[in-house]
Amino acid sequence: MDRRPLIIDGDPGHDDVMAIMLAYASGRFDLKGITCVNGNCPLPKAVDNILKTLDYLELDIPVYAGAATPMRGYNKPAVMCHGASGLAGPILPPATSKVRDMRAIEFIAKTLRESDEKVLLAPLGPLTNIADFMIAYPELIGKIERISLMGGGALHGNVTPAAEFNIWHDPEAARIVFSSGVPITMCGLDVTEHAFVDPSDIQRFRDLGTRAGRFAAELMDYYCLAFQRMGMMENALHDPVAIYALLYPEKVETHKYYVEVDIFGEYTRGCTVTDMVDSVPGKQPNVDVAFDLDRNDFIDKLCDALVKLG
Amino acid sequence: MLEKRPLIIDCDPGIDDFVAILLANSCGQFDIRAITTLGGNVLPQYTARNAKNTAAMIGLDCPIGRGAQKPLMHEIDTADYIHGVDGIGGVELPESDRPFDERPAWDIIYDEACKFPGQLEVAAIGPLTNIAILFRKYPEVVRLIKKLHIMGGSTTTGNHSPYGEFNIWEDVLAADIVFNSGVELRMVGLDCTRQGQCDKQVWHQGLQKPGLVISKLREMMAFDPTQTELYRQHRGIKPPKDVENYVPGLPDAVTMAGMIDEDLLQCQKYYVMVETTGPLTYGWTMVDWNMTTRKPFNCEVALKVDTDRITELYHQMFEFYEGK
Amino acid sequence: MDKRPFIIDCDPGIDDAVAIFLAASCDAFDIRAITSVAGNVDIDLTTRNALDLCHVVGLDTIVARGAARPMMVEPKISVGAHGATGLGTVVLERSPQAEDGRHAWDVIYDEAVKAAGELEIIAMGPLTNLGILLTKYPDAPRYIKKITIMGGSRVYGNSCAYGEYNVWADPLASDIVFRSDIPMAMVGLETIFRAKLTSSDWEDLFAEKNHISEITREILRHKTERGEGIMDRITARSDDPSPLLCDCMTVACVVDPSIAKFERRYVCVETAEGPSRGRTIIDWQNRSGHSRNCEVAVSVDRAGFKAVMQKMFAHYSK
């Protein structure tokens, strides 16, 4: 089977790392590179986290630095669930590989320009890099095959009742991406809440006996503990769902709706307003919104990836 | 120490952009590195064409670049009710066959900023989309640009909407990005430019001088948009333009004049915010006059125009183009 | 047992009509006034209908005219949804009673003061009258025991993606009410939809034949023919075109609170112009730190609601 070209954009991030592992190990993508964005943690930390992780897992994927601030410059890192470093938990040796010189959006542009086929994008953090790319290279938007993103929520938010963190962190960027006309799969809270890990899953990762499995278990230990400390039982593995949706779309329940990103509301800024009641006549559905997935299969596939990575 | 000041004009010609370019070229102070364009006053294909033809007509041999086709977040909304569909009131400039620069506007500006670190000045006299993309793609460029002069905003009332001055209104997200970028910034708003009219006699005498360039300007001044249905929809019913006595406002030219003569504009530093969501005040540039936000000043706000000085500049401009 | 003093603020309106029948049938309620507001139809029609509905059901109470338009936004009448008169095809006998000369909000205040803090309000239309009341009389909260609204929604709206009509039609007034510190209960669109009666439920209810059940049947015919029912992602567009009687279910929750399950949360209203205007934002996770100002109905028992309706129709057979 041909490997589909893919760029992952993220703010590593515990679950971003799990997503990258799933994508790489599946063998079904030509993973061109990883672009980093400010979100879960400041940009330099995001870059460092991903470099350390790739070195540790001995994965040769180029890393590019992107936006250090959201489009409107308000910086709100989500320190709580990812630790101050953005990847608290496992102790990793310092990175030896370096971030590439090319800017993230230039790398995305170059990849799209040089690719014979359209390219997949999997944004796992705020959509700042994708929006910056779209405004600087509007002529290349047509070469994006699909965007499968982790973000938003049709039914509710997390950081506020209406808004999910990635979209909330840069609503203007999200608005630009969602209105771009590119096919979008939105893996928001509606589906990712079904993709949780529990202690038996974490033990299973550990019992796989691979370095990657142990690494994942350590990551998840911290991740789940952090949520418990915040009084939340939630330990959903959000980001890998965006990759899973690209690999096994038949296993993810989606419905196509018209989605508009709210940048205006006092309480609803950052909300992915999803019209599930056909209330606005004449608006064409523009987003495949994911609502559910086969959790057992999702965990199985993660385990497969952790075994393959060794 | 450079002999001439390196300058890039980012614009959407536009009748007043036309005059601004004339002024910049005639004053002799600038090394105009490029003219970059975007859609705004009218559609981008017209603004680009007008910039190219204007440059050729006045003998300005610099790259002409094209930039944003639309504002960052929504479709373009033009002001052709003021400028005519083609941006210059239907006036035909000699068509130049010089090709456009292939680089997008923001890459051109970045390249020039790198060539002249700390010295490049930019006059942005259209919507700020190109500048915003420049800052998003090359965040470090804010330190390379000496100063960005914008024609935009208003400390009082707008033109396109009650509080929205057209350039800001057309792309509020871009304006917000620019005002928060940290670049050395001067804002020349409508409240200021409305004061900057040339002395009537000087203007009309100048317009009568011989030469191709001035004749084209004369034609643009004779263009009367006020009687079209399109104009009426925006501004209501107005009496026809009194061409004999008309002295134009030319906000872009005032902005340029302020760059040419440092004493022409009286300015003061403030913290300025752009209203990006409020339905009534959308596009308003709010100046924190009393420093109640306690935020550091981000902008030099132009408050007053010395009309004698600007009259003198126009006078010199007419003399320069006489017979050309 | 002392009767509970109530005022019903409404925009009859098909479902308001049946809700008024229900409220009037409840022996425990002492309905001090029915106040009208523009909403489902314009103020002339809602006021007329309020008068005539009181007449047909034998309810002797004040009827006062309220706001003709929302506090800040343009009026949004749901054209056709309730028929030209607001009551579908039904024509009621004209009431000989005249409107009270006072404005709705003045009546509400007067009655609230008279009831010395015991007055409860059921609001089944846009909240304009209450918004004006609270603006004109800042001390009104001292005299109002509780406001129960038919309004808002957990998620699915009808007027826009997340906006339910009553709140959406006047977001500013809604915002004022939710901030007022008056104890509130909210029965929202989605909760109501999930408990709506089926067509066969209605057939069972209409077996009780009397003047009121006949009128109800006729009124509901208009709604049925329009195929109402919100699009529900989970249950898909309802195949059963039985009408959604939001106001009626809201009153039923007040008549018999045991049929509903409420959870106390902080609720606020989005008033900014944009795609979320009119949305009731419910802080389910309690992360906002604001005090919980509203009892939100999370579920209603359909069988329990049906029983309340059965009792109502039986009442009118006497």
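Here the chain labels run A, B and C in written order, and each chain numbers its own residues starting at 1.
One rule holds for everything that comes next: a residue touches a chain if its C-beta (ideal position, glycine included) is under 8 Å from a C-beta of that chain, and two chains touch if they have at least 3 such contacts.
Just so you know, these numbers come straight off a predicted model, no measurement behind them.
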Request  = Have a look at which chains touch which and call the overall pattern line, ring, star, complete or other.
outcome  = complete
Query = Chain with the smallest distance from its CA centroid to the overall CA centroid?
reply = A
Inquiry  = Can you check which chain pair, A-C or B-C, has more C-beta pairs in contact?
reply    = A-C
Geometric centre distance via CA averages, chain B-chain A, whole Å = 41
Note = When centres are defined as mean Cα positions, the distance from chain A to chain C in whole Å is 43
Remark   = chain B and chain C have mean C-alpha positions lying a whole-number Å distance apart equal to 56
Query = Multi-chain contacts in chain C: which residues touch at least two other chains?
reply = 272-274
Remark   = Among chain A residues, those touching two or more other chains are 263-264
Key: Contacts with 2+ other chains: residues of chain B   = 277
Note = In the complex, chain B touches chain A at residues 68-69, 72-74, 104, 106, 129, 132-133, 136-139, 173, 176-177, 180, 276-277
Of all residues in chain A, those that touch chain C in their complex = 154-156, 158, 160-162, 232, 255, 260, 262-268, 271, 273-280, 291
Contact set on chain B toward chain C in their complex = 277, 279
Key: Contact footprint of chain A on chain C as seen in their complex   = 155-163, 230-231, 233, 268, 270-277, 279, 281-285, 287-288
Query = Touching chain B in the complex: which residues of chain A?
reply = 67-69, 71-73, 103, 105, 132, 135-136, 138, 172, 175-176, 179, 263-264
